[in-house]
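Just passing along the structure, written as structure tokens.
Which chain is which? They are A, B, C and D, in the order written, and residues in each are numbered from 1.
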Amino acid sequence: MELFIQQVLAGISTGAIYACMALAVVMIYQAIDHLNFAQGEMAMFSTFIAWQLIEKCVPYWLAFVLTVIISFIGGIAIERIVFKPIENAPVLSHVVIFIALYSVINSAAGFIWDFTVKSFPSPFGSAPLFGSSLISAHQGGMVAVTLVLLLLLYGFFSFTRVGLAMRAAAANPASSRLVGIRVSWMVALGWGMATALGSIAGMLIAPVVFLEPNMMISILLYGFAGAVLGGLTSPGGAVLGGFAVGVIENLAGTYIPVVGSELKLPIALVVIVVVLVFKPAGLFGRVVVSRV
Amino acid sequence: MSSGSGDGVPLLEVRDVAVRFDGIVALDGVSFKLPKGQILGLIGPNGAGKTTMFNCLSRLYTPTSGDVLFEGKSILGRPAYEMAAIGIGRTFQNVALFSRLTVRENVLIGGHSHTTSNFFGDSLRLPSARRTEAQLEKTANELMDYLHLGDVADRPVAGLPFGTQKRVELARALAASPKLLLLDEPAGGLNHDEVHELGRLVKQIRDDRDVTVLLVEHHMGLVMSISENVVALNFGKKIAEGAPDVVRKDPELIRAYLGGEAA
Amino acid sequence: MSAHEETVVHHDIGESPEGAERLIAKPAAPEAKAGLQLRHFVFVALLVLAFVLPAFTKNFVVFQLTQTMVYAIAIVGLNLLTGFNGQFSLGHSAFYAVGAYTAAILMEQAGLSYVWTLPVAGIICFILGFLFGLPALRLEGVYLALATFALAAATPQILKLSPLEHWTGGVQGIVITKPDAPFGLPLNQDQWLYYFTLIVGLILYLAARNLVTSRTGRALMAIRDNPIAARSMGVNTSLYKASAFGLSAFYTGVAGALGAIIVQFVAPDSFTLTLSIGFLVGLVVGGVGWLPGALFGGAFLLFVPNIAENVSKGLSGAVYGLLLIAIIYVMPSGLAGFLQLIVSKVRGK
Amino acid sequence: MSKLLEVKNLRASYGQVRVLHGLNFSLEEGGVTTLLGANGAGKTTTLRAICGMVKCSGEILFEGKNILGKSTEDVARLGVAHIPEGRGTFTRMTVEENLQLGAISRRDTQNIPKDIDKMFDHFPRLKQRRTQQAGTLSGGEQQMLAIARALMLRPRLMLLDEPSFGLAPLVVKEMFEILTALNREEKASMLIVEQNAALALGIADEAYLLETGSIVMSGPAKQIGADENVRRSYLGY
């Protein structure tokens, strides 16, 4: 039983990483209605920018804020430069562009900062939290930051006019134009916000997994899984989903004999797929009913 | 015309059908019979339950209670995709065509339920697959002629005018040689001349092709001019039934449609 | 008032159809009656070219062309599922892997002739694909993407599992002996495998083309365009969707078997998600819903990373990505849409 | 009265099919104008052209300025509220959010709550359903919501595409009464496209008859309604 509790706690602390990423995933899904395969790489690139700033002796929190701003602008720029010209192309062509973007960013980061592992500082320190060796102060801080971000996003989408306009633009672009919403800018804004969120996720994750160009690959996958499990239409669900994925992964690794660390990801995914088969819109997602 | 009780089993019998969606009662114990060869109009204001009834008859919904009998046998144990094969064809309120396919392909798919083939035979163009294809092709050509779709046969349906799309849908439904044809607001979006033409066409189809028709329609003129019998629904309940001339004067129907003021 | 009944799905401005409609390039196939002769001419010309080509090229190029055709077969398989049936998959590397391992194990451990490994690989993949397609029936869009992605992620790990090592060779993989040309044909091994692949590919291509212009193929497309109407027309949508998964896996499995034979080697790490993504990229640049595009997609999959590598070693990934972006800019709907545009321009003049 | 909208030599095509062949018509400030015609005559295309939703050529003068070529959202921001066929409600948002969205481009945010209350006065049924998702409303209620949402823009011009489509006669009657009242009280100019010609002529001041992409007849609504030929081919009585 003690092992079980330990593993759950450990799962929650890794889950915080996934939850952070899942939130960014949902954010962009709300804005553009698909999953962005390049999102992990964008977060990685942002984190490198922060690292570079810190290396140049910029204080941590200033570097943090600067990175978020740069990422926000960078996200908008990517949307304007790369996606705006092909906004009418079929969805699968967009998916291919995500893949291309992934390749470009990963390769560029490796070129600029090379592939050696770098350490990234934590603003919360690495002391154990509440004397427990399972959750460190940094991981506790991550959970807190994730929850605060969630609250801010909820407030933004529920109570601001821009948030409402963004939701409308994503749900029904044609009608949104008819009420005067500049849909294409809403999409760009969504990109900016998602990239900014991703940069925060990256900076929180980097102290745990170390910084290198491939650091986000598996994390993005878990983030996707968390977002899909929680329901892509629900930011709160995505965060819960992220935590759940962390726990599932840990428990599977511990209790299923052949699994070992290699099979952790597949097992976690299989569990999620099984859940989806029974709850096709995710645990907290809205079912879209179509009638004839 | 008596409602078919004397002369054997009616083609369609709806028995006390009720449908509830989480708390909302869409149909509340509706019964009616449709004898073979008749045109029955199903009317009622918005939200009366007409389309819900249609969806029950084509097995897209399962009634909460009640039964639907086709040729005397309940259809409720069967899946939706078997309806075409047993002889129930339909059109859709907002036109549900296969938008990227051509008119011809749409009509060919209409014949799906009356033909057989499989992945293997179709991939290899086995003789049986060729025969199926020839048979489908023949039916489709005949129907496209019948409904004057020859000129647009190889155009994708997505770009065609609404009226033409409705005819394509009709052709697609007829390709399965249905015994019962369910028409969901066929006159929607048509102008006066087109509605008139449609009425003539529905009657002609009934006579030429031995089809029984159940018609959901807002266009009162059309329903009253071509139906032998009319069933009126309001708030999920049947409020009137009978010959058009009788139903037309039914006070409850007038109230449902025109509000209290109009007499 | 019952709110439920007349809540309709609006086609021109509703919410859900917009996304669904755009999954696939509008031009389903650049086919028109007038272009018939031209198309046939191009087909025959390409075929003749394909038959004489090995005589004039180096062995390595012959091998590359063979690999292109193998990828093209896998992409045709993915196209049947995604382009014609509207189901998305990131899991085709799994079927490719199963096909490859089937061929390798049957050849090296059971001593079966390479020719017979193809149908066996295909049938095994059909069954697996069909079985996978059953639960996948309940999933759509990104959810299906995640499920198929799980399949792709699990495959290399499962192949490495120690209980299976006896058959799979674990991380080491299996080395395969290259077959010689039969009947004393004056061809070297690479040339023979080229012709063998060409013939298999041709048969599979023609079968796919037959299928999509038949009753079964139309049922698949009907499900893609409007599943509810398809059911009302008598299409057993569940059966067809699962079968489409099976058929798609069949093609990809045969491609995997052929791939194993020509590469002479299988190992778990050749069959990762990257391969699935490659198939998807190949499908899109060739043209979703257009079968001949697969050849272009296969070539893209094989050659473009090499080209990128030649342009810049350090930034090859970036060059690859930029080339991909450039292609989508020039032809947003892949080669299919591009050719159709040209054809309509020429005819318009 | 001055001209609110002037359309000159408007041409539009879908792909290779020419839909509008040089349309000319104009709208009076504060008036109700109707565009009649058979299915496929180009009525919907005309409305879509005004809103920048289809590519077209010619001139569209709104308050004297050419708006042809402007984006849909910019046209909306000038005060043109288009209620498309099929209503275009945000089905997954609440009634109130839909109304908020109608006013999303307005700068005078302090007046919006007041205007929402006013809409609830015009359409009491929407008030009962203010927190309900728009997709769960009946067809008639959705049409009311679409009109209310359009009014939230405080439009100079409303474009209505087949407002009676798919509605029961009683609901249609009620809706047209509301439209008449709105035209009077809110001074909203309207351009209505209708297949139910009798209905549209009943509330319109001016009418244009469209036939395969060209105007074939125009004049005061009463006069058009009285024309023997028009009655026979379009009104059905």
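Please note the rule applied: a residue touches a chain if its C-beta (ideal position, glycine included) is under 8 Å from a C-beta of that chain, and two chains touch if they have at least 3 such contacts.
What you see is a predicted model, and the numbers here were worked out from it, not measured in a lab.
Chains that touch both subunit C and subunit D are the following: A, B. Summarising the inter-chain layout, the chain whose CA centre lies farthest from the centre of subunit C is D.
Subunit A and subunit D have CA centres that are 43 Å apart.
We define each chain's centre as the mean of its Cα atoms; on that basis subunit A and subunit B are separated by 49 Å.
Subunit B and subunit D have CA centres that are 32 Å apart. Separating the centre of subunit B from that of subunit C, both taken as means of CA atoms, is a distance of 40 Å. For subunit A, the set of residues that touch two or more other chains comprises 171-172, 174-175, 288, 292. Counting only residues that touch two or more partner chains, subunit B has 46-47, 51, 60, 92-94, 96.
The multi-chain contact residues of subunit C, meaning those touching 2 or more other chains, are 1-15, 24, 26, 228.
Every residue of subunit A that touches subunit D in the complex is listed here, in rising order: 161, 164-165, 167-168, 171-172, 174-183, 286, 288. Listing the residues of subunit B that touch subunit C in their complex gives 21, 24-26, 46-52, 58, 60, 79-85, 89-90, 92-101, 105, 108-110, 112-115, 117-119, 122-125, 129, 132-133, 136, 154, 156, 172, 176, 235-236. Residue ranges of subunit B in contact with subunit D, taken from their complex: 44-47, 93, 159, 161-163, 185, 188-194, 218, 220-221, 256-259. Listing the residues of subunit D that touch subunit B in their complex gives 14-15, 17, 38-40, 138-140, 162, 165-171, 173, 195, 233-236. Across the complex, subunit C meets subunit B through its residues 1-6, 8-11, 21, 24, 26, 28, 32-33, 207-208, 210-211, 214-219, 221-222, 224-226, 228-237, 243, 247, 289.
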